[in-house]
């Protein structure tokens, strides 16, 4: 599926509506304009995170059904078109042990590191996206790409550990320039190089394979069959390495647009409704053209200050000041902000789903972890932190489930995610969040 | 005689045909191929390279054969997914071994130029660790190919240590490391016996759950381990070390099926208290109890069925409903008789592993205890069983006992249920998490059970019954032998360890006696002669 | 079968069978012929000021405007900042430019500006009003006018107090409730008010643990000479999936300034302690820096033990009203409480002071104590005497905040005692210190950058926030905070 030949950039700039019809940079990736589908080429699996602050509203988002075919709840209505590809987790806990509960920090660090942080604003290990990027981020131009929708360069939650975070792109123009500006690697053109590590691993495997003749010599029949299995596995590994030495075909048929204009960055919800789709589309294009396999995008900070124009109180302030409605049982204005946070997530998912790749979509070949910092922002509570997973990681994850965490540690999601992305780990997290129990019901 | 002669000739021809590299290993017939378990792998790496080397990876689950995971090592192999995992782990371990923090201590020689190959240093390094990892010296070919690889990669990366780490990695996912190769050599006449390295390996993994140490390898190399005196020497050394506890923990964790916890979940509405911490602590409690009684006190091992002494942590104290004294993480505790407990039969581990998420299961408990302690596994129920009565907690039958008894009057069911249910029914004072209760659904629980005409009441009655039942020590001996040999305990011939068993019984049922006598028995390392068919296939390769 | 100190619940967990269970157990067990020593302990897993909610049943959420017999006008509305900050020396223009600043687009800065102007509303511009509330005229705070309250008749006089409790007892003294019971974050049915939910959430997270141990020589349900101990434990509560604390856990009780041991009489499972001149217990709170001793003068405790072994109870006495003011105000900052929870802090000061009804100052006769009661729920536990000395745990990350809180409280006390105006100490949280002024006089809360871009007109001078960081560094080398 190709994008429109004319990519119209609509936006508000300094208050007036602007529509720019931009000239194209046609970038079909094979000479015939055919989608490179169904020819068995290896499509990489991508990983990404979406962060939003101040949680969701328990009464409005937790489905009553547990397991597959959960019902669409009010706060997740915007995700309905993608429901079969999204799993929702409720009832998961961040457990602080002997550390304080750092408001608007401990919860998010618990999701991405599995560790209760000892200092506010710091991570006690590298975050999960970097661990995954260590494994799958080679062979692309960028190990990972970070972006934020609210214009503040402090709003990145991807870290190698400690107080430093990977700096994010803060505007659509900045993100565009980074991905498609100077240094853009068109995968259909000349300068692609295979990962040198693959060649190394090939020579290592052949040394092991050399031992085969000697080893097979003295075995009983049944033991020989088992040793055969071992060397069959060696052969399969060799084959996948041969494939890795070939230039990957980018099977998505996409058009890279021209640069967007400078846009005012703002945390007002109407402005974000223009910025988020643009940032999301750019990220999707970046994944599809192999600029990176890992992305992190933040809506705003954990004490989210997104706001509705005309209302003096941003989201975070509302969560503390707004009383709980006696009839509804929750805070309606705060809930509205949480619902918007999910609408923004839906915009990201839409961009991933809209790109066809092979016999599926970019979303099918990705795994996106959507997470937040608290379950009930009014209390900075850590019990019931909502987490969502979108995409099936190229078939390694089953989707469309509501998993009830029942008080188990939120690190179980991180463990599941890493196993789904092919990392060889059996346990993750520390202290009471140390776990070896992934959610096997969604691992294929 | 003809066949035997042919065999002998073929064998000797074959031996001559193999390139001679001064190794006993290659001169024998492989009689066993056992995939390393996760703990054997981890302990080997820790002992060879140091405990600060991180081993982070996924190991395949084993399969229980004859009640032991150890026996499945003889049927498992390496799948593509697990090879991938092993190769990733190998890369990671090797990279750590040569990194800045470790190379001074572990590499043992410095290259002339860190940006180039250095065959001498690489060769020394690979030979040294190859011997430790393969549990025998490398052959000439094995070493040469790796030294060449190290050199090539050092050149192409302009980094000696990169080449070194990659060639080390090929040792770490080689099948010679991943599998224990048990090689048999002739022992006079038709008999064959395990060669020195295989003996070292068997002793080391059984007694210490780890790879043979330097002294063991030396004893193998010098031929000392081929003698009874040599074996006795090493056995004494290994058994008097505190590391014996590691080996015995691994055995009992296997025999008592403590890995069942990885599949144990409890209904959080009925048992809101139960969590993963309790599961972990419960395993440790049981192992501590066994080690204390079996190794430290060297007590009659049958007392595991009756002892009131245990070790409890704070979380376990909350299930046992006893105060915890905060002295140490593990508090020595003795239950009063009135608590109705009896040995490891009523520890949280046993009680919660073999229960349903929402209620106890006398059948599951009975089946498990018979399998674990009496070596009497129960066949699966027939396909057309109607579970509706036993699962109906709202009907007129208020207790599990009533529902089970009603069910077991059917003849086809009774044949199995009459064995397992009485055992489990005596444990009904303990719910699915191991907590004590006297009532179920408002009714007082009846904990009497009758097996083969003998009636006993409650866990303590069961404990005495099992303590006095000769099948228990017989089963323990059988499983210990099978664990060491990697054999299916249902197929093992008790004659193979009858000397040890007699010493065990006569000597007061002490674990140390059984263990020492077993591995020191003359026939312990004997192997069955390979069949002619097997040999022919080998020769045609 | 023996009766243990606590009856174990049957596996099925159905409430209707518990009574049957108890009856069965009692009839089957031999009645104790001889008294024997017994111990029964609990860990608290819900704790809050015992306010009575007078609104409609079923409409029991925090911050409800819902009128009721307690507060006919409903919950106190949100503060109208413009009204609150108006003083004779502050023009309407100044009020508008701070409360609703037109040029400032960043809402966080607006928020901090409101905090700053709220902080300075005394008769003179430079006074921090929260530290010196007596420098601001009493704005008035509507009090509870209902007749029902939970609590004790602390002075034994049915004519004082003015409340009747749910047991029909007259003369109940709970002036704290009268003073503050219409405030949004305190108002609601038991254990539903916002501040309570927050505090319980933190307690179950491990911020602090309160334990109770009962002992005697006759029987836990009836004993004329029982003993009750209450105190702090460094051991964390274990939270279950159903939100309550797990039963049968062991906790060490620390015999420090938060500990009390009092006599008690038990009749049919209802425990009434003696009234003591000083009853020390752990303090109700939602932030680690508030933790410490809640000193109840003429304090007493009532505990009711149910057949299932779970307990609910009441702790009451006169607490120093200045302490209660400090708890609310200085934990974070007065302006935080005013902008987030909409407590009028100055109104609270006067309400607490005028409702004080006990503990007269020997010098002046002024009442320094205000009657108060807290309600609790507790689950069965084991309370252990630790070996060796133990103290309250103050995490290193909380030490600075705790020191700061106590410093502010001490300054406030000093101001009242000496009737002199106290300055805002260096490093104080009062007055939105993160606000910085630019050269053109406008305000920002940034340190020179805005939205990832350099602030076109950066603030001048070092930021007060940077100053704070420096203060904290200096304080880090100070003595560790001792438990207080």
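Should a chain be cited, it is by its letter among A, B and C, assigned in written order, with residues numbered from 1 in that chain.
The rule is short, and it goes like this: a residue touches a chain if its C-beta (ideal position, glycine included) is under 8 Å from a C-beta of that chain, and two chains touch if they have at least 3 such contacts.
Computed from a predicted structure; not experimentally measured.
For the criterion of most C-beta pairs in contact, the winning chain pair is A-B. Here the chain at the heart of the shown protein, by mean C-alpha position, is A. Averaged C-alpha coordinates put the centre of chain B at 55 Å from the centre of chain C.
Centres computed as Cα averages put chain A at a distance of 40 Å from chain B.
Residue positions 268 of chain B each touch two or more of the other chains. Multi-chain contact residues of chain A, defined as those touching 2 or more other chains: 406-407.
Contact with two or more other chains is made by residues 240-241 of chain C.
Chain contact summary for the complex, chain B toward chain A: residues 18, 26, 28-33, 56-59, 75-80, 82-85, 87-89, 139, 141-142, 145-146, 149, 152-153, 157, 166-167, 169-170, 173-176, 178-179, 183, 262, 268, 275-277, 530, 533-534, 537-538, 541. Those residues of chain C whose C-beta lies close enough to touch chain B in the complex are 1-2, 4, 8, 10-14, 17, 20-21, 24-25, 235, 238, 240-242, 244, 246-250, 252, 382, 384, 386-387. Residues 59-66, 75, 78, 100, 107-108, 110-111, 184, 194, 197-198, 201-202, 205-207, 239-241, 288, 339-342, 395, 397-398, 451-452 of chain C touch chain A in their complex. In the complex of the two chains, the chain B residues touching chain C come out as 268-270, 272-273, 314-315, 317-319, 321-327, 338, 359-360, 393, 431-432, 435-442, 444. The touching residues of chain A, when paired with chain C in their complex, are 96-102, 118-120, 150-154, 170, 265, 305, 307, 312-314, 317, 320-327, 329, 378-379, 381-383, 406-407.
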